[in-house]
Each structure stands twice: as C-alpha cells, then as structure tokens.
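Two complexes follow with subunit A in common, the first pairing it with subunit B and the second with subunit C.
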Partner chain A sequence: MSKVAPAGSGYQTAGEWAPRIVAFTCNWCSYSGADMAGTARLTYPANVRIVRMLCSGRMDPLFALKAFEEGADGVLVSGCHPGDCHYVQGNLYARRRLEIFADLMELLGLDPRRLHFAWVSASEGVKWSELIGRVTRSVLEAGPNGEWLSAPTAEFSSAKLPEPGPPPRTAPTRDANAATTSHLRQLARRLLEEGEVSRVIGYAEGAQSDQMVPAFVETPEDAERLVWNERCYANLANYAVHRSGGATALIAKTCDAKSIAGLLRENQLRRDEVVVVGVSCSGIWHGDRLAAKCYGCDEDVSPLADWTVGPDGTARGSIPAAGRDTSPDPRDAALEALSSLPPDERLAFWQGEFDRCIRCYACRAVCPMCYCDTCITDKHRPQWISAPQSGPGNTSWNVVRAMHLAGRCSDCDECARVCPSGIRLDLINRSLAQGIKRKYGTMVSADPAVKTALTTYRPDDAGRFV
Partner chain B sequence: MEQAGWILDEEQWKAWAGSLPASGCRVIAPARGPRGEAAFTKTDDADQIARGYPGKTQMSPKEFLFPRSETLFEFRLAGNTVTLVRPPRSDNKQVLIGLRPCDAAGLRRLDEVFLQDPADEAYEHRRNQTVVIVEACTEATPSCFCTAVGGSPGGTEGADLHVTRLGGSGRILLRAITQTGSELASAASASWARATEADFAEAGDQAEAVSSSIRRQPLPARTPELLEGSFEAPEWEVVASACIGCGICTYACPSCSCFDIADTGGAACGSRCRSWDSCAFGEFTKHASGHNPRPKQSARYRQRLMHKFAYFPSQHAGQLMCVGCGRCIDLCPAGIDIHQAVLALAGAARAAHRGADEGVPV
Partner chain C sequence: MSRIGVFVCHCGENIARTVDVESVCGAARDLPGVAHVSDYPFMCSSPGQKLVKQAIRTHNLTGVVVAACSPHMHETTFRGAVAEGGLNPFLCEIANIREQCSWVHTDPAEATAKASEIVEQMVAKVRFDTELQPIEVPVTRRALVVGGGIAGIRSALDIAKAGYSVTLVEREPSLGGNMARLSETFPTLDCSQCILTPLMVEVSHHPNIELLTYSEVEGISGYVGNFNVRIRRKARFVLEDCTGCDDCARACPVATPNDFDMGLSWRKAVYIPFPQAVPAIYTLDTGACVNAELESANGRYRVLACERCSLACAPGVIDYDMRPEILEREVGVVVLATGYKLWDASQAPEYGYGRYPDVVNGLEFERLLSASGPTFGELRRPSDGKVPKSVVFIQCVGSRDPEHGVAYCSRTCCMYTAKHALLYKHKVPDGKAYVFYIDIRAAGKGYEEFINRVMMEDEVLYLRGRVGRVVREGDRMVVYGADTLSGQSVQIDAEMVVLATAMVPAAEESFGRMVRASTDQYGFFQEIHPKLRPVETMTAGVLLAGAAQGPKDIPDTVAQASAAASKALEILAQPVFEREPTVARVNESVCIGCLDCQRVCPYGAIDVVDVTARGTTPAKAVARVNEAMCEGCGICTSVCRSRAIDIAGFDDEQVFAQITAVANPSMPVTEALAARGGAR
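Let's look at the complex of A and B:
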C-alpha cells in the first residue's frame, strides 16, 4: 500500500507520509454517521478506510492486529452509543473486550495513539468528521507504524526482570507428602472398587528423577502408582474432557479446580462426568523455588471439590481455607518493572519474547481452556495468523491466545511452564487478569455458575470509547 | 585408515576457532540463551566459539540447515507472465561448531530426507556451504540415550572435524574426519602437533566412560520389525495417554523433517513459505473433506515413533531416525519418554509374538 498521498487528495500528511487508518464501524450507527457526514458535505481527512461490520460486538481484536500487520498506522472502532445497539447489547460486550484488548496492546508497547474507540450515532455526522480529524492528528503524531515488522532490538530482556523474593512458606515435608499420597491411594482405590469412577487421573513418578507425570489409573491395584508432592506441576483438567465410559476422578490443586470450573461453565464437561479430588496444596516448587503463581495463593481447595485429601486424611467436600502465608505475587513486580519502561522499549521486549516463539502450540495444547476443535491459527481461508514462524505471525498468535483466554484463564500458568522458549506468557495472563479485576471487580471463580468478565457487562462500565 | 589428528592447547584452539568469523565464515556456536539455557547462536566472539559447554543445547541445530520458516520463492503476475523470484542465497561458508555427536548424526538423517533425488535446492545449497565441527560429550544428561540407538558420545557420524577435550588437561584432540574438515583446518594445521596413538586411545577411553554412564537399555536389534507388527497394539493408547498434542518433541528433534507450505499474498504477487510442521498436530493429516486418517492423539504419537523406528529404518538399511539426544524427553510437558515408549512397545510386540507362538525369531 503506497503511503505517499497524491497532491490535493484530502490526505493529511507529515512530509511525504500519509498515515493510513482503518476504521471498523457498525452498520447501524457509525457507518450511517459517516454517511451523514458525506451527505452534509462535511470534510475530514481522507486517511481513513472504513470496514463496515454488522455490530461493534463483531469486532475481533484479530481484525485490528491484521490491520496493523498489513501496514495500517492506526485503527479506530466505532459503534452505537450504549443503549442504542441494534442488537441490544453487542456494543456493551465490545466495550469490555476492546478495553481489555487496549490494555494488552499497552502492555505490549503499542503506541496508544494508534488505537481509538468511539460511539457515533447515525445522526452524528459532525462528530464523525471531528473524530476522524482528531484520530488522524493522533496517528500523525505517533508516526509511521514501522515497529510491527521490525526485528527486535531489546535492551531489556527477561533476565532483567526483578527476581522473586524468598518464598513465604516452606516446601511440604517428605512425611506430609507420604501421608497425603497414602490417603490419596486409599481414596482412589475405594472410588474404583465401588465403581463410583472408571478411572482416576493423578500423578505418578516419571522416568527422570523428581519428575511427576500424569497417571491414568483404571484398576484398584494400580492406585499404588499415585503420588502427591510439590512437583506435581501438570494441570490434569484437560485429560477429563471427551472421555467416555464412566466418570473420571481428577486430582486437582486449587488452580486446576478453577480450570475444571471453567470447563463446566463452558459445557465442555458435565458435572456427573467428573469427581473432583482436591489436594490441600501448599504450592508447587521448581527446584528450591516456589512457583510464582503460588506466592499470593491463599485459597484452599476450591468449593468444587467432592473430596479433599491432605496429610491429615480424607474429607468429603472441600476443606475451608486454613489461612496460608502469602507474599506479593512476583509477577506483579515484573509487570511493574515493564510498565515503568517507555512504550518503545516495552515493544522491543515483547517482540524479543515473541521472536523466540517456535509455534509449537504447547501453550494451546496444555491449556484446559483452549478446547476449540479448529483453532483460529489453523484456519487458512483467510489465513488470519500468518504461518511463518517469525515476527508478525508470532505476535498475532500470542496476542490472540491471550485475548481468547482473557477473563477465562484460571491462572494455572501451565502455558508458561511448558513454553520451550520461556516466553513470559504468565505475565501477559496476569496483567489481563489484574486489569479485569480492577475494572470489573471479577476474578475467575471456582463456581461454574459465575459468569466470566467478558461474557457479561454492566451498562455503566468505564472504557476508552469517546 | 590412518587417522589425521592434532593436539592443540587451549590457546591454539581459541586462536584457530576464534579466527573463523574473520575468515569470512558464518559461525554458529553454543551460547547462553535468554534464560541461561544453552542455545546455538550466530556469533563472532572468539571466547564463545572456543569455550565448550556441558550437556546439550535445548534445541537441536537443525534450524541452521532447515530453518523454522523460509521463503522458497516470491511470485509476481504481470499481464500473462508469472515471474518467480528466489530469495538471495548466501555463498558464505557456514561453520556449525560444538555440535554433539547426536546433533551431527541428526543432520545426516536430514540429509537422507532432503538430499535424496530430487534434492531440495534450498537445503542442498545450505548444506554445501556448511562445515560441521563436532565436540565429543564429556558427560551424559539423564535423558541421553544415544548408546541405545547405535550412537556414541564420541561418535563421528556427520562430523567434518571432531574435537575431544582431553580430561581436564587443557589439551584438545582435533581430528579431521572428511576432506572438507581437513581443508578448513589446513591453513593452521601445519603448526599443530600431530596426535599420537595414545591421544586417540585417551579420547576413546573418555567416550567409553561417558557411554557407560548412560544407563539406558539398548533397543532390541529387531525394533523396526517388532514395531511394524504392533500397529494395532493396545499399548499405543497407554504410551500416548498423556500426550497433549503440542509440537515440542518434533521441533526440538534433530532429525524431524516435516514441513508445511503456505502461500501468502494475492493473485498479483505473493510468496511461498515453508515452515516446520509436526505430526503431533491434528491438522497435519486432516483432509480437505474433514476426514482425518489419524483422528486420535495415540495414532499421531504412533506415527511419530513408527516413522523413526520402523518406516525410516525399513527404507534406510535399518538406520533409525532417532539419534538419542533426549531433547523430546527433557521438554515434553507431559513427561513422555520416547525411549521407554519404544521399549514398552517392542516388549509388548515380543510378548504378543510369543503368545501367538508364530515362531517369529525375537
């Protein structure tokens, strides 16, 4: 796309460069608003190209990413005023989703002057023409959008992020683990013997020392393989989906139980298909380090548990939270360090992270909440996420993955654990979750009946829409 | 055959290896990655090139011959003429230094795939520019199992030059394995001391010591036949039960060679790009009709093992397509151990044969 404007064509330019802005408008209000501007003979910069969609609720963040990737310098999304949506509430969902998307782009270092949101009704031709003038000036100030495709030149690598402080608690003792393991085996044996479940999915010793791997136990005798200790990293919720022939007992930590709740909430699991065996977990440990997600976790096995197993024995239902030593989540300190950087350095940092992505999709495969039959990245017509394992496609993949999980992520951090390139997906997930909590007051709940933040709205939600 | 070899001290080694970039070579050497892991990286730093490293890199060096993604050509349509433009190719020599014997053996497996007639042009060009300097292992990691698949911590397969750091003495045994290797060393080798039989023997002992520290059971000699006969075995469900269907094992593997082709652009212009692909993905075999001949993860995992331990050997005189580097074991999110899986399947097949009393020699 040529970015040199022909003379006298109504483009606003800086030198020879004329920014290109893609505006996504809803059919009913903003598109008509733009039409109104035309019929009223109002003038506004010619830099904008309009893509009409049925509703601003149709606005997938991927559209904005694709526009940037293809060379757009700015993106505008415009819909009906709240309360005026042709489909009653599409714009209200859009407000939440795009607000979180804008937060994410800010974290990733996209210049906020490139991304705009507005409400323009069919009668607001004047507002439209003023809006386009303002957006164009803002994009002109931001300059050409070259960064999206440029090679990373990160000064600030993940090695420079602050180190987590000392763990707030000690690892469980060998005796405590042995006691829990023994109770767990007893319970598994009983569940299998009594026919309450056809299989128990838990952890067993792996081939390498100190490695715990998923174990699929189908006979009472086999229950002797099960173990519990602080190296039981894997979130097993995934393995319960699409199983036929009887119920599955799932060994779950608190974070895993939230994934199970998510799968129940989104109808990927039926409640009678799964027996949740919560373990009272005092955190998982990598070497002598407590996992970051466990620092601030003071929840005991979620209300979802059918059984709870701990060193002291087995109880029906869940055990109320016993209160646990916590200290600030080290991911928050890392996010703070990132947010103190100027946007271009933040962009370079994240481009450096995404540049290492090899698109093995382990993050997707391991995530219980990534269950689509055909993932957006596997769709070819059109190819929304470009296939080459480099720059733009890697960025799109990582942004889309995060957006699809926004408000749904149960914070099990499995994606970050398995990423062979060590991309800080945990920071992205954490940042989105914190933003959602701050803005909408909701966290992912262990109660399947509670809706996730982006599948609901309030009429008075705050947002960037003007 | 008389072995050509030299004994260098660390200074001489560094002077020679460190001077490779200055002589116009693109040098790839092990370095510390962003999280402290060992990773092959392009470098001009003499210290880094000469330093050596423990264990193995996290990813194999295959991407320097078979990149994660590469543009095969760009196309332009003007009028009725289609013009194909190939991306410029570098004629610089590329030196891969510090590969472990398993890494170099892995490159030989890639050669079998890409250099077979008709040879893949992009790969062949890069291969012809490449010199491989192998550094013998001084230790085995828990996932290493090269000795179980016919390799050795001192192996020379795929090497042009071969380096052994002789136990703590600061002496380095450099051997020329191929003509290409000798030529790379020729400028400096006149000033180096010739290695003696005793030096070769010391290197041999050292490799032997590392070998014996690998406690993994060798695969049965008839593994390809045993696996081939176990296609329908229920054990596949068991070994693959934890597989989550990511592509880590195939991407970290030094010998996995599957790729996908994607065209981007429009009718008027665009490009054709080749990227790594993985048989672990459901999409890998999915037909346009929606039918998938490998509908389950266990079928996909079976394909990966069968390809490495049955199909490839049957076409390549029994040579396995696994070199025993163990990277897939280290990185598997579900802790699947390929060596254990093959042993389990081969064992089950053998037991089944016995049970059926078919008189198949095992």
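Let's look at the complex of A and C:
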C-alpha cells in the first residue's frame, strides 16, 4: 500500500504525495540543534517528526525498522558529534550499530535514500535546517515507501545466484575418519572413566544413512557410539548451555569452538564446566558438496581446545589446522552477484526469500547464540515483530535475527542448513560479518575475552554519519 | 482508562501566528484517551499553570500534554505545575510546537497539521508514562582526598572548612607533593615552601581533617554517597609522639639518596624528607636500614643488628615491631589529587640524561636552586660542585613529541624554564643562559610579561629550534641545535643542561581501574565533559583535582581543587542525594545474564547478582542497575537482545507509541481542513 496522502493533508501542495520522515534525536545535541533552528527562525520542510531520546546510543536500529514497518518513508538518526556525547560514548556505539544496520538494509534492497544519519550539535541550527531539506528531498526522490516490508506484489524473479564451483579438496577417506573416530572414543572413555566430565556430547549414527545426530554419552561403555566423519554438521555448542551436574566434554569443529567462546564470553557457559575437544576437521560435506563455510576456513583448531583429536592421535591443547585453505567462499560470489543488482531487484529477491518464511524459528532453535529465555519475537509490550506469517512480520523477524547476531555469529551456518524453506540466511550472516571485518577489522574471536564488534568502538570508526 | 488533558499554548503570537490553535484543540479532542483540551495565550504564566492544576482536579486527569515551546524551556515548569495539581510530575509530556513547528514553518496549513500530529505523538507517549519517584541516595558525610600535594591540600581544606569531615591520604611520609620541591614560583617568584607550608600546617591542625600520611588507598567499593575505602597505613616504625628532634638521624649510620631532593643529596635511613615536613614525624626506611626484616614459619621478624636510633631517641618512640595497618573508612565522595611525575628523560638518549650528571630535569634543577636543597640555594652542578657559567635549557623534552614521548603540551614548562633562567641569572650574574624552544606558551595572568622580562631584562638568549644532541667534551657539554629563525645550526658550550621534561600522571594505571575512574591514553584521569563538567569523572561522586587530570600549573591546580571541593560539597551538603528517576531497570525474569549491558555502560552502573527468579534453580546471574550511578543514557537497552533492560521515562513502549503515531497519524486535521475547503 503506498502512502499517498489525500488532498489537503497540508504536507506539501494539496493533492501531492508527501513523505513522512521519522527523526530520532538525542536530547542534548540534536534536539537542541533543532530547537536552535527555530530560535533562529530558519525554515525547512514540515515532513519530519522528532522522537526524542536521551542519547543516540539508545537508538536501537529496530526502531528504524519499526518506523518503516509503520509506513514511514524515511528515517533520520541524529546525535552529538563524536567526542561531544553527553554520555561520552553513546554516539560511538550508535555509529557502529547503525552502520551495520544500514549495510543490512542495503543488502535487503532498501533504497539508501530513505535512511540517513547525522551529527548535529546544539549550536548547529543551520545544519539542522539544511539537513532536513536534504533528507526530505532525498526521500521525495525515493518515492512512497509502498513496497518495503509488504508482501511481494509481483512474481519476483529468482535472481540467478552463481552455483559453487567444484570443491577445492576431496572428502576425507574412510580410513582417516575411522582413525579419528577411534581416538575420539578412547578420549571420551577416558574422560568419563576418570570422572573429568559427566557427559560427552558428540555425534552418532542417525536413523538415516549418512545422517549424524548429536549424541549424549554418559557412560564409558557408551563411548562406542561416537563417530566422526564429514557429515557431522551440527554445532554441538547449542547443547552445552544450562546443563547442571558436572562438566561436559564437547566435540567441536573450529567453527563450533567460536560459538563456545561466544557462550563463555556471554556467561552462558563456565570454563570449568566445559572440556573442549577439538577435532581436526577437513571440512563438512553436504551430499557431494563441501559446505560453503569450509572453503575459506583457514583457522587453527580453536585455541580454546583442551584436547585435539585427529587421524594421527590425540594431543593436549590445540594444534594448527592440518590443511589451510583460502579458496574463495562461494557465498562471496553469490553476495557479489546480489550486490550488483539494482536495489529493487535485490528487494524482490529478499521478499521472495522472506515470503517463504513460515516463522518456525528453527533458525533460532539451532543457533547457539540465540539463548535468551524470552525472545524479542515473543514480546508484546511492545510488540516488536508482528505475529502473522507474512509480509512485515517475516521481514522484521529476519532483520532482527540478523542484527542480534551481527558481530556474534560464529559462521556455523546451521541456521541456513535447518531452514525448511531454504532461506539464504547464510548470505545475510556472511554479508554482515564481512562488513564488520572490512570496517572494524574484527571477526568473531575464538577468545572469550575479546569484545564483539558491536559492544565496542573506536573513536575514528568510519560511518555514514554526516 | 487514560484521562489525558491537552493544553495548547498560543505563546502570544509566537505559536498562534502560524498554527491554528483552535484546529489543534479540535483535533486533540478526537484523540483516544483525551478527556480535556484547553488553550491559553501564555500557558507558562501563573494563570496558565493554574489552568493546568485546576483541570487535573476537575477532570481527574491521568496525564498531561502541554503543547508549547521546547521541553528544554519549560518542561521543569510544567512538571512542577502538574505535581502541584496532584499528579506525578513524570506524567507530563511537552509537545514542542514552537521551536520545532511554528517558528520553522510559514505555511499555516502545514504548521497546523504538524502541530496536531506532534500533539498526537505526545498523547500517545503520555498514555504509557508511569509514575516515577526521584531516586534517593543516602550520603555519608565524609570525603576522601587522595594525594597530599597542593591540589589535595586545597580540596581537603575547602571541604573541612565547610564543616564536613575529610580523610586525606598521602603515600609519602609528608604532605607537600611536588610543590614542596619547588624553589620559587612563577610569575611572582614567591618562595614555594613559604606559601605552601602554612597550608600544610593548617591541614594537620584542622579538627575536621584526618591526615593519613605514609598511607595508600588499597581499594574502593560502593558508589556515590556510599563508598567503602580500604587504606593501608604503612609502618613508619616511629610513633606519633615523635618530637622531630633529629637525634635518631644523627645517630643513624646509614646514608641513602634523598628522594625528596631527587637523589641529589643524602639522607639517613631514619629521616624526615625536609625540615618543614608535616607531620614532623620521622620515618624509618626499612629498605635502607641495616636491620633486615625476615620471614619465618612464625611470621615476620626483624633482626636487630643496630639500635642506634632507638638508643638515641629520648622520648623512646622508635618501635621496630610496628606493622602496617588496614583502616576502613566510609565516605560519600572521593577527590583524586594524585598529581604528576616527570617523564623519564633517559628515553630521549640524545640529551644525555642519565649518562651525564650535569644534564638534569626541571625538578632536579628546582632542588639545586632551592634554599633548602642540597646546595642550600647556591647553584652548583652535580658532577663537581662547580658553579656553571653557561646553562642550556631545552623545552619540550618528551612533550609535543608523539614519536618518542607524549603528544600533549605539558603547559608549565615554558614558564618554569623562563623562571629557571631568571633565577640562574640572578644567582650567577655573569653566567650565560640559553633556551631552546619550539614556541612560547605563556597564557596566564602576568605570564607573557614575565617571559618578556626574562628575555629583555635578564638577557636570556632564546633560540627557536630543537636540540639534536648533547655531547660531553671534557668537563663540559656541547649542545648541537638548530636556530630556525636565523636558519643556522648552532653549537653551544654548556656547563649544565636543564631539560623541561613532560609531566606524566603519577598514579598507576591499576589505581585508576580500582577507583573506576577512566583514564585517557596517557593515564590522566578523564573528566566527564571537558568543558561543562571538568572535575567530575564517569563514576558519580569521584572528583578530580590538579595534575592527575592533566598537566597544570599551581594557579590552575588550586582553582580546580576548589572546584572539586565545591562539587563534593554539592553531594555532602544533603543527607539524601536526589537523582532523576529516568534510569535503566532490569526485568530480572527476562534477563539471561549475557552482561553486554555491563560491557557498554560508561558508568560502571551495572552489577551482577544471582537471583532465583520464578524459582529457577540454580540461581541465575542477572544484571542489576545501580540507580545511584546510572545516568539513563540507554546504551544498555539498545544492546539488550531480550529487552530485559529498559529506561524509565523513555522506554520501548513509549518509543513505539510515538513511532506509530508519527508514522501513521490519524490525521484528523486533514478532515478539518478539507471540511473548511482545503489548506487555507
């Protein structure tokens, strides 16, 4: 539904559509700057409504999303200039968070002319009035925000994303898998016998051939169930949270170990209740395809590992990765193809994706970093995400999920694997992670002491703020 | 059910000229929950406020929206009126239809429509307002001052004279700090000790001041109004009844470098740092004393190889068995006055500091000039006691040099170098003084005049440029430098070289962390706002005085120390300290304890507590906001994924209500305008 106001709405000349813009300002600089424009009797278009907060650091990107969902045609966020924040750092946190949000909106095909960020000080009445003029013109050019967040109006063309090429390496041999499995069983038995742990969480054969399922091994004899091969997809970190009654040994690939680090960092696990058993993994295979996340995996077996198990035996601590690989990640080619599309085609692509979302929240359930007792989706005072499985609610959910994992996602790709609708969540996660790496130089760390990208800042961070 | 009153102000003609107040009132009447609407030419006037108060009672209102000027102008006024009307003041919201509407738009139809929507927005918000009570923090009416230099002395005296108790902690055996080391002070050339020691004595005699010298703060916990301080009182092995007769020191066989004189003289193992020290109690330096302290299975004990000091002591106050004590104090505010030290000039090897005894730093030169110093005021150089006939002063050693030292200007060096050169010329009238400088920063009362006097009357040769290196040749040094004004390189034979080294913070980094005062990249304590709140730290109740916050001269230090005292008194003067209730609150049943809020909180206002919310076992760790420390910025809420934390008065529901209202207004004014034939 496009927002064409009836004649005489008073926004612009009668009969014309006029943009609605929601501005979020801090109380101290930008709100005062807007007051200053009034005191100086400067004039500017009447399309902006200000929501006053105490600090731009209070600005949750999801407020902007909500504004779009409610029908706003544009959003402006304005705070104190860096170094002038009344709360010292609030604007610097906001700059990072909103920058990543803007990246996400760009990926999803939101017209960048709708989203604006600025620093306006209390003395910059002139800047405020010019800014409002500029923002209003920009939103006017973008036109009514009809399509954003609504169900797709036309048959969206599935933009042909490039298929991954041949895998850069071959699947491990049966012999190597058997050797690793045997070392793993030995270690599990020993840990259980010596009482160092009261359970080992690993993989066992599932009901279907080639399907490995999580296994909870609690007795030394039961260790015989454990297996290791290239079908051990699951990120077992998810199962270690909130277990009482003794320590847990957790079998972890490098990507999984980053989740463990995240859970340690965020106090969902205690170091003394988890024994990390790293496996020297040479890649996970889906059918005859190497998992996309494994292409560029060039990291050591996690520095967190208490033990490392491989085909050659068992070692204390972590060991360097066997075969380092820097082959280009096929997701990057897909993202590149997406980013070369014009925004409206990107929008159509993602609307097609989100339209398939059935809101089963399997992505949430499988993600080790989605551990909240009460998810924001379940809140209704206020309701952040509308409940029906369509249009705005679907988009909001996927945006919220992506933002909550930005800077925290360990790239295990489990969400994309379990999605029954095959939504390309992997592309969203990958895109945000790459943006964070490019802008702030940080990746999700396997060191629990390292703060995530969005809970820190640098005074000289780049950003879209003007 | 909400019963909201909307009060639209004409502001004379300021609003009414562009905004059709009648239409705004009409539109407001149709809004859900609005029970009463009225307008008035000047709502902020006494009759206008009366209108609000009466309407609250008459119409039994549950919330008030005043459509008028900016909340920065009259929010306090109207909240006061609402409170007098019998409603909680936080149930009042301001719709800013002047600064952000009537003053910036010229088209009446546009302005009227926008004003109506702003009213609608604030009506939407006020429906979610809740009653908030000011946060009351009980205050312990005692201050802790850390550091007994001029900054700490001034702060302590100011607070004590206002009638409050002060605990002053100094880690050295005497009060005085660096100022006690100075010879004379610029630009007046007062004798430093002459103006300082009366204040030191005043501190020691003041009934409201508890003076703890030779003591260090070991830990601070708590928050504004309620700090717990642990102070380690080191053992000085001399009881407080010491008469200061000096018999012990004369008997002591050990000599060790005197750190008060920057190691340029000797003192005994039992000593007083300088004759005017306060308190005038001797201290036994166990590091120098021949009586070793040993540890055995039965504890620590002292091997008494020498008891000469004890034997010489007539009052018998030497106690070899003294132990360090831990004292605990409850205080309401903390003033950090930990001062500065000099940058180690041996990090700039080209100047030869540390290699050549006659290359000295500013404080060493002060001692050489001082009447109480190692040479009793006669300027003699350290190596051979000769009176130097030429002295080269080098400014900006370490300062303004991000490559080797620090990037900032140390602010005092231009002035004290000029003073050094002047004092030198007065003591050695036939001597030659050269000053290498980058530029002269003499911004202070009488400072520029002082510099000019030194240049003109005292014939000190100022050379603009840097020194490349200092090389010893025989018993003198050759200073290779550049004179950028003449564009020539210069070589000067110097019998002594004085380095104006940078001021760096004296407090260890760990001390800053312990007191939760954040520091800048150099270790100086960070003020909360460089212009508007220059003596407060991010931790409420922790204040800054003197060079601990950044390089300062004595007048600035004293001014800031008094400012810190006045901020301290602001808290101490009331038995209960009231704070705005717009702070963060945690819903403990939702909080999962990831503590991202704690990571981003600039104020350290978030603690972790174990709770058994809804019977969870084992207890889960959750965040809890210390309302005495929270400033309400809301950075924590925007990182909280489960929205367990929210800001009272600016909470998610209030923001959502506003977003919904402004993004999708009911637009009753449109109809009103259409009925009248469109935009007028």
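By definition in this document, the second predicted complex is superposed on the first by the 436 of 466 C-alpha atoms of A that agree within 3 Å, B and C clash if a C-alpha of one lies under 4 Å from a C-alpha of the other, contacts with A are read in each partner's own complex, and residues count from 1 in each chain.
Keep this in mind: a residue touches a chain if its C-beta (ideal position, glycine included) is under 8 Å from a C-beta of that chain, and two chains touch if they have at least 3 such contacts.
None of the values given here were measured: they were computed from a predicted structure.
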{"item": "Side-by-side fit of subunit B and subunit C on subunit A, or clash", "value": "fit"}
{"item": "Which superposed partner A:Gly206 touches (first subunit B, second subunit C, both, neither)", "value": "first"}
{"item": "Touched partner set for A:Ala315, first subunit B, second subunit C, both or neither", "value": "neither"}
{"item": "First (subunit B), second (subunit C), both or neither touched by A:Ala72", "value": "second"}
{"item": "Which superposed partner A:Ile358 touches (first subunit B, second subunit C, both, neither)", "value": "first"}
{"item": "First, second, both or neither for A:Val450, with subunit B first and subunit C second", "value": "neither"}
{"item": "Superposed arrangement, angle subtended at the Cα centre of subunit A by subunit B and subunit C, nearest 10 degrees", "value": "140"}
{"item": "First, second, both or neither for A:Pro214, with subunit B first and subunit C second", "value": "first"}
{"item": "First, second, both or neither for A:Val22, with subunit B first and subunit C second", "value": "second"}
{"item": "Partner contacting more residues of subunit A (subunit B vs subunit C)", "value": "C"}
{"item": "Touched partner set for A:Tyr93, first subunit B, second subunit C, both or neither", "value": "second"}
{"item": "Superposed arrangement (fit on chain A Cα atoms) - minimum subunit B/subunit C Cα distance in Å", "value": "7"}
{"item": "Doubly contacted subunit A residues - partners subunit C and subunit B", "value": "374"}
{"item": "Complex interface listing, subunit A residues touching subunit B", "value": "157-159, 206-209, 211-214, 216, 234, 238-239, 352, 356, 358-362, 364-366, 374, 378, 380, 383, 386-390, 414, 417-418, 420, 422"}
{"item": "Residues on subunit C engaged by subunit A in the complex (per definition of touch)", "value": "70-72, 96, 98-101, 103-107, 109-114, 117-118, 121, 528-529, 538, 582, 589-590, 592-596, 599-600, 602, 618, 621, 631-635, 637-639, 641-644, 647, 650, 652-653, 655-660, 662-664, 667, 669-670, 673-674, 678-679"}
{"item": "Residues of subunit B that touch subunit A when the two form their complex", "value": "34-37, 58-59, 68-69, 71, 142-143, 241-242, 244-248, 250-252, 260, 262, 264, 273, 275-276, 278, 281, 283, 329, 331, 333-337, 339-340"}
{"item": "For the subunit A and subunit C complex, residues of the former touching the latter", "value": "5-11, 14, 20, 22, 31-32, 34-39, 41-44, 46, 49-55, 57-60, 63, 66-67, 70-72, 86-90, 93-94, 97, 129, 244, 266-268, 371-376, 379, 381-382, 384, 404, 451-452, 454-456"}
